[in-house]
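Same chain, two partners: subunit A is paired with subunit B first, then with subunit C.
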Partner chain A sequence: MKNLADAGIRFYLILVLVFLYVPILVMAVLAFNKSPLYALPFEFDLVWFKALMENDRLLKAGLNSVLIALANTVIATSLGTMAAVAFGRYTFRGKTMMQALLFPPIAIPWLVIGTAMLVFFFWIGRAIGYPGIARGLHAILLGHVALSLPYVIFVVGTRLNDYPKALEEAAATLGATPCQVFRRVSVPILAPGVVAASLFAFAVSFDQFVISYFLAPPGVTTLPVEIYTSIRKGFTPEINAISTIIILVSMGLMLIVARFYRFGGERSGNE
Partner chain B sequence: MTPTTRTRWAILGLTGPAYLWLACTIFLPIAAMLALSFLDKSPLVPKPASFTLDNYGAFFGKPFYWSLTRWSIELGFWVTLFSFLIGYPAAYALAKRVKGRWREAIFLLIVLPFWSNALVRIFSWTMVLRSNGIIDLGMQSIFPGAPTVDLLFTYPAVVIGLVHSYLPYMILTCYIALQAIDDSLIEAGRSLGASKFTTFRRVVLPLSLPGIISGSALIFVPVIGSFMEPRILGGTKGATLGMNIEEQFTVTANWPLGAALSFILLAIVLVIFGILFPFLRKQGGAA
Partner chain C sequence: MSEVAVKGAVKHYGTVAALDGVDLTFADGEFFGLLGPSGSGKTTLLRAIAGFIELDRGEIRIDGTDISRIPVHQRNIGMVFQNYALFPHMNVAENIAFGLDVRSVAAAEIKQRVSESLDLVRLSGLDQRRPKQLSGGQQQRVALARALVTRPQVLLLDEPLSALDKHLRQEMQVELRRIQRQIGITTIFVTHDQEEALTLSDRVAIFNKGQVVQAGSPRAVYERPVDRFAAGFLGEANFLDGRVSVIAGGVARVVLSTGGEILTPAADLALNEAVLIALRPEKISIDPAPAGAAAMPNRILGTVVAAIFSGSSLTYRIAVGDRIFIVFEQNKSRAPLPEQSAVILEWPTADNVVVKP
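Here is the complex of A and B:
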């Protein structure tokens, strides 16, 4: 009886995983299918990956996405880590309020944030005489950093909370200079949190579609925006090919994050 | 303890850049959008604009916008409900029945797709749902000669795609709540003579309520603001408020109306949080 129940539970969990993974697998398999109309029987061919290599629009959009994600990672991780250190190491008036302000960027629908940025940047641009600056890669980067900051502050903050301030104070009492305390105590404490946070920041930016969509001027795109445009024009297996690559990159990144940052709340950090 | 001037500068220097950035990209833009929603001309028009309530008047006066809003809220309701029905048993199984390496592996597999591209995952459903897609081919091979199954560009397609997108949220929040429940409470209920079902209904379910509520909020809010998913999977069927806002900004270029609709969307979100938050805090103390 107990075995039967266990088998049932395992079967149910497998069904849930099937639901989550089947569409992705179907898409990946069809990227390797020769027919342009997704027709079966399946015939293995790399023709769509070759076509992808010659599709300048998609490649350029891909390059933009990677560049923005890298810039976003550097900016969001540094600014976010600084704020997390302030929250973790100091008590001050307004701290709770400031932490509460991290909630809106996550809770407000991206559609609202993206269109609001467009309006605001446009007004700024018109005020200084260059309405064109409202949209473009720089505007997209501004938006991505804003979305990544709360995640970075949260991830680094969780890590910092596991290690009391007393560790740094003890080092100072024992005669370490501030520079030594930072290098020998603070950095090793922060490092795993910062690595996880930077990977999160990269993933947030690389996958972001809605904000980029409203801030991309005609002719300048990121990968998700270019994919959305292509899907609306009609399906091509090239989109499957690039999508398969994107999925592999994102999931690979998250597997690395999982090494640094345990999901499930049992413990954070990896010693 | 009063912080010394030096500490104060350190705090300002550390938090200043991040919050300045957030002010310029989140809070000021939202304020700008609120202002725009009361103007009669789009900033794209070079003429000076003046104050008006017409944009909100358009929303409250036209049944068309009411039905869009109703559709969006209904969509949010269905997606949240199905995510709960599928996700809660999975979270329960993971938290209470599966142990060790299996639990860790399945858990990772469930949260992994959640961090991959949402657009790509929605796109992948088109290949499953369309005629000649996987569901159609499966039906044809089991029942030869059955009518073609073409779910693409239907309302169920949108619901399926969105449940797929947001299911991991529900599993995650319910799992965290269920895992925090001490097993001895369940054993106590059982040894005092309650049946398995009663124990579940009177002990496990109330204690996991904070997880269910926060999961529902995390799903409901983005779903009512969704526009990309209904466009790709629903086509013209079941237009949502989000789709209309997108059009006001990209196609018809009526930004003030788009801004007003965005604020109505934001108001709905705030109402939802307002309803759920106190409830969450009260229950949160127990878990």
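Here is the complex of A and C:
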């Protein structure tokens, strides 16, 4: 009876994963198919990856995406970690309210946020007499940072809350200077959370379409925006090729997140 | 080893006085318990001594040196926290070595002293374990070893045993006392467990609303509480109020407001003075009242309202007029007195303690 239930559960979960992965797999497989019209039978060829290497627009967009994602990771992770520590370790007026205000942006549709940012940047640009400042990589970066901050604060904050302030106090009573406390107690404890948060920040930025689309001036694109534009023009399996690369990178990152975030807290106990 | 002196300590949070003029001296090598309800200031005082809280006014001296302006890490204190606060990313040996390591003690000496500390708390052989692989009692020992290995002048314990179950707690009480005696360190500990405070301490101080209500040996504080709060907080007490009617031969006769009379030592009492008297429930002897029994001073008649059985002892609730007396009795061979039965309560004059209201 128990075996039967086990098998049932396993079958169900396999179905869920099939549902999740089959479209992705089909797309990835077709990236290696020779036919430009996705025709079968399958014929293995790397022609679309070669074409991709020569497609300057896609490569340029890809480079933009990576640069923005990296910059976003550094900025959002630093700012977010500091905010998480402030929320987790200090008391100040209005703290609860500020904490509550962090999360609604996650629930607001990106389309709405993107529009709001575009309008806001235009307004700023006009106000200071440089309307052109409203769009560009810097605007995209700002948008991504705003978008990923709540995730970073949440991920680092969760980690921080798992460990009481008494750890840092104990270190101080044992003679550790504030600097030693930070380096030898706070950092090691927070590290898994910070790593997970930075991967989150990278992924949020790298996969972001709506805000990038709104804030990109003509001639400047990020990878998701460029893919969207190409698809509208009628597309070739080149898109499959670049998508396959993105998926591999994203999945790799998320697997690392899972390792640090989900299991980070228990590693020491399981050794 | 050191004496800690707190003088005129005041700390306000907004309009609330967490410490409202506290003077206490912790003698060299003494085990001192700070007791009180939550929010009474005991933890605030402990944290001020540790250096986590800066006093608004007053001073704290260790061996005559004012430490008010010295940051936590330079104070040379050891502290054990409520949930031990062991570093989860270090093993037992690394946890204990931490305080020596940050002071740049030589590796060989660290090794030597860590191993001595492990011996002291009887944890030898567990030095490579992670905190999570230890039981609550073992974690407690590691926290203690870690706090002591730096040879601090003062040991501070913040409800150190509250996270342990009852059996382990009693075992750790004995252990804590043994270790404290062995190294003779001045120890200040906060607890809300009155029994623990009485068991462990050389002296206790009872806190209420940021002030020390009473300080002294556990026995002195228990047997001679100064006021209603002290009597009620430390153990249980029956409170009787009345007026002094006669003073003769060092004994005052008090007419109770509920009727009946009691005798109490007359020190400082004046004729006709209103007094409040505390009487511990275990000082009262209880017996079935024979027919026609009469009340006398320190002997009153009542009716059993409830008899609560708790293994080694019985707690009686006895109605006397419109007042309830609490009486403890050892569970000897006699069956519990039935509810509604008439009883005589009797106790010696010396057990009536006049307290401030």
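Keep this in mind: the second predicted complex is superposed on the first by the 253 of 271 C-alpha atoms of A that agree within 3 Å, B and C clash if a C-alpha of one lies under 4 Å from a C-alpha of the other, contacts with A are read in each partner's own complex, and residues count from 1 in each chain.
Everything below uses one rule, namely that a residue touches a chain if its C-beta (ideal position, glycine included) is under 8 Å from a C-beta of that chain, and two chains touch if they have at least 3 such contacts.
For clarity, every value in this text was computed on a predicted model and none was experimentally measured.
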Which superposed partner A:A171 touches (first subunit B, second subunit C, both, neither) | second
Report for A:A69: first if it touches subunit B alone, second if subunit C alone, otherwise both or neither.
-> neither
When the two structures are laid over each other on chain A, which of subunit B and subunit C touches more residues of subunit A?
-> B
Could you look at A:R184 and tell me whether it touches subunit B, subunit C, both or neither (first, second, both, neither)?
-> second
Regarding the shared-chain residue A:A31, is it in contact with subunit B (first), subunit C (second), both, or neither?
-> neither
Which residues, counting only subunit A, touch subunit B once they are in their complex?
-> 6, 9-10, 12-13, 16-17, 19-24, 26-27, 30, 38-40, 79-80, 82-83, 85-87, 90-92, 98, 101-102, 104-105, 107-113, 115-123, 126, 142-143, 145-146, 149, 153, 203, 206-207, 209-210, 214, 224, 227-228, 231-232, 235, 239-240, 243, 246-247, 250-251, 253-255, 257-258, 263-265
Can you name the residues of subunit C that touch subunit A in the complex?
-> 50-52, 71-79, 81-83, 85, 87-89, 98-99, 102-103, 130-133, 146-147, 150, 156
In the complex with subunit A, residue positions of subunit B that touch it = 1, 3, 7-8, 10-11, 13-15, 17-19, 21-22, 24-30, 32-33, 36, 43-44, 86, 89-90, 93-94, 97-98, 104, 106-113, 115-121, 123-128, 132, 134, 137, 164, 167-168, 171, 175-176, 179, 221-222, 224-228, 231-232, 242, 245-246, 249-250, 255, 258-259, 262, 265-266, 269, 273
Of subunit A, residues touching subunit C in the complex | 163-164, 166-167, 169-178, 180-181, 184-185, 188-189, 268-269, 271
